[in-house]
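The data blocks that follow each hold one structure.
Heads up, the next two complexes both have chain A, just with different partners, chain B and then chain C.
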Partner chain A sequence: MTATIESPRSGRIAPQYRRHGGSRGNFEMIAWLFMRLSGVVLVVLIFGHLFVNLMVGEGIHAIDFGFVAGKWADPFWQVWDLTMLWLAMLHGTNGVRTIINDYAEKDSTRRWLKTVLYSATVVIIVLGTLVIFTFDPCPVVNGVPLPGGFCPA
Partner chain B sequence: MSTEFAEPASKVELPAGVGGGGEIPTFDVHMRVRRYNPEVSEEATWDDFHLTMYGTDRVLDALHKVKWEIDGSLSFRRSCAHGVCGSDAMRINGRNRLACKTLLKDLDTSKPITVEPIKGLPVEKDLIVDMEPFFQSYREVMPFLINKGHEPTRERLQSAEDRERFDDTTKCILCAACTSSCPVFWTDGQYFGPAAIVNAHRFIFDSRDDAGDMRLEILNDKEGVWRCRTTFNCSEACPRGIQVTQAIQEVKQAILSRKI
Partner chain C sequence: MPTKPAGTLYRGREGMWSWVGHRITGVVIFFFLLVHVLDTSLVRVSPEAYTAVIGAYKNPLMALGETGLVAAIVFHAFNGLRIIAVDFWKKGAKYQRQMLWAVMGLWLVTMVAFSIRHLSLALGGH
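Showing the complex of A and B:
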């Protein structure tokens, strides 16, 4: 019986290191770029938001239901808040997606965490967008206006 | 006729009591080495060794002393022992370094000096890891010159400025200190890793090379450069002082400017 010598291991990779199929396409590049661009825009949007709400005029003491209602009656602030909502949500979601990719060690864990993340994102974006556009400070229910000091009687 | 010449007087004034091999100061070190032998146990353990070493000794010398005089079963890789071959990258006091470039006197000898295998690659025995996944990523970026033009009859000339462009990344010795210091690589070992990107950078920015686009496309992968989080672990770990994180950023920029 002849002794067999194992062939050299070069090129044989432990299975957990094998990359499953190249995902061509630019998704990761676009996500990376989006993080940087949205970050810059968000700095402007958020500090503008904080300045207008907390510093201008009476400042923080002016904030109440009427103040928010007044802002959302203006298309400028509707667009401002909508942009802020979308960018912040997508920026945050992409950040958490990255963290999940970096820290989850099993593909199944990764899939579950991302499902939860994306569901939460969709709910908040849809709900937020709906509120910004359909917000009515003086709703009339069954012909009776709801109470509120700032609504015309 | 025989003439006796006196030795010429020394040109360097040495103070009395200095000189000679025995004059190098010695000190005691406590080495704590990570041991793993799958034929004995699946569990890795720490082994302690107390040695008397010289001021000129490196961590590698301490490992040699252990292997040659105390415990011959200690396993580690080393080839040239002078910081060129890149065989003896290991985690010394929690940092990736070459054992042959780390002087014992530069470490805190009042505490045990811990020596572990580099992280993120499967340990085979003691300080030896399976480097195959690391080399596979290296192979995937095609680390060789690809030139579509005619074969020149003489060497391919390049200006000093063109050569300077990728000079930093030519210094890589493939020791894996950078890749095995990267927290993204530790997670699942899917990331190409700093070393593969550094070696791609070396050819992407080489004016004589024509396959830069192919390499950029490979590194545009979901496990490519975009997984870099710029934690700078790789730049700190590199025993050759390569600005690894900067090289990765330059590859990112090259991909971006090609696509947009």
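Showing the complex of A and C:
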């Protein structure tokens, strides 16, 4: 007498254990990969940011409106800061999202905390992006240049 | 009679504590980032508003705070690279402990150098 024994689990995975076709797709895998890729880039961007702003010349004493104006006069630092803003905010938001998912046990608490988190993220990214792109070294209010600005003679 | 589950995934030592450190430093850095974008945004209010608020970063107490923040960033950065090595390098999981001690060594060297430079600038003659 011969018995046919099927390979374990082949084609017979109960629906609730199937890993494909879920409503979330592969979002969590993309998020995991994003943390690693953005992390490597952020190490370079943030170490560069700290070195140039705190270690060179007078360090922190040199930082004022003129310092920012000097940096953002150069598209290189605009792109640097913009990339740093977006990657750091998305990296940090995803990290805090993970922490909320880990520690907030009630569905409603998780949803509420994540709503607050995502709102803060959108506000900060939009604000920071606008500030970089609309920066004016010579701000003028009612036809009068504000003191401390850098205006063409 | 056991009254608790027999064990958890992490049981202390390097693996768990590096994970704890990564979480705490990550949250600290995130909240600073929110504040830092807001203070930088003052350049769109007026040059004097920005320079006044950024001046708050230049007192001795804040110099210590900045050093603490950079300590958190440097740990998170080096430990993050260790996590990437654990995930992508074939022998990463095997050497995760040794890599944590390498992280701590590099962190110490970086922080000694940063602290000497930053504190002597921030606390010295101004």
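Here are some notes:
Everything below uses one rule, namely that the second predicted complex is superposed on the first by the 125 of 153 C-alpha atoms of A that agree within 3 Å, B and C clash if a C-alpha of one lies under 4 Å from a C-alpha of the other, contacts with A are read in each partner's own complex, and residues count from 1 in each chain.
Throughout what follows, contacts are C-beta pairs under 8 Å (C-beta built on N, C-alpha and C of every residue); 3 or more make two chains touch, one makes a residue touch a chain.
Since the structure is predicted, the reported quantities are computational estimates derived from the model, not experimental observations.
In the superposition on chain A, contact of A:105 is made with chain B only, not with chain C. In the superposition on chain A, A:45 makes contact with neither chain B nor chain C.
In the superposition on chain A, contact is made by A:31 with chain B only, not with chain C. Of the two partner chains placed around the shared chain by superposition, chain B is the only one that A:13 touches, whereas chain C remains out of contact. When the two complexes are overlaid, the chain among chain B and chain C that reaches more residues of chain A is C. In the superposed model, A:87 makes contact with neither chain B nor chain C. On chain A, the surface touched by chain B in one complex and the surface touched by chain C in the other have no residue in common.
Per the touch definition, chain A reaches chain C in the complex via residues 36, 39-40, 42-43, 46-47, 50, 54-55, 58-61, 63-66, 68-69, 85, 88-89, 92-93, 95-96, 99, 120, 124, 127-128, 130-131, 134-136, 139, 146-149.
Considering their complex, residues 9-14, 16-17, 19, 22-24, 26-29, 31-33, 98, 101-105 of chain A touch chain B.
On chain B, the positions that touch chain A within their shared complex are 122, 130, 132-133, 136, 183-184, 187-190, 217-218, 220-224, 226-227, 229, 252, 255-256, 259. Touching chain A in their complex are the following residues of chain C: 23, 26-27, 29-30, 33-34, 37-38, 40-41, 43-44, 46-48, 50-51, 54, 57-58, 63, 66, 70, 73, 77, 80-81, 83-84, 87-88, 114, 117-118, 121-122, 126.
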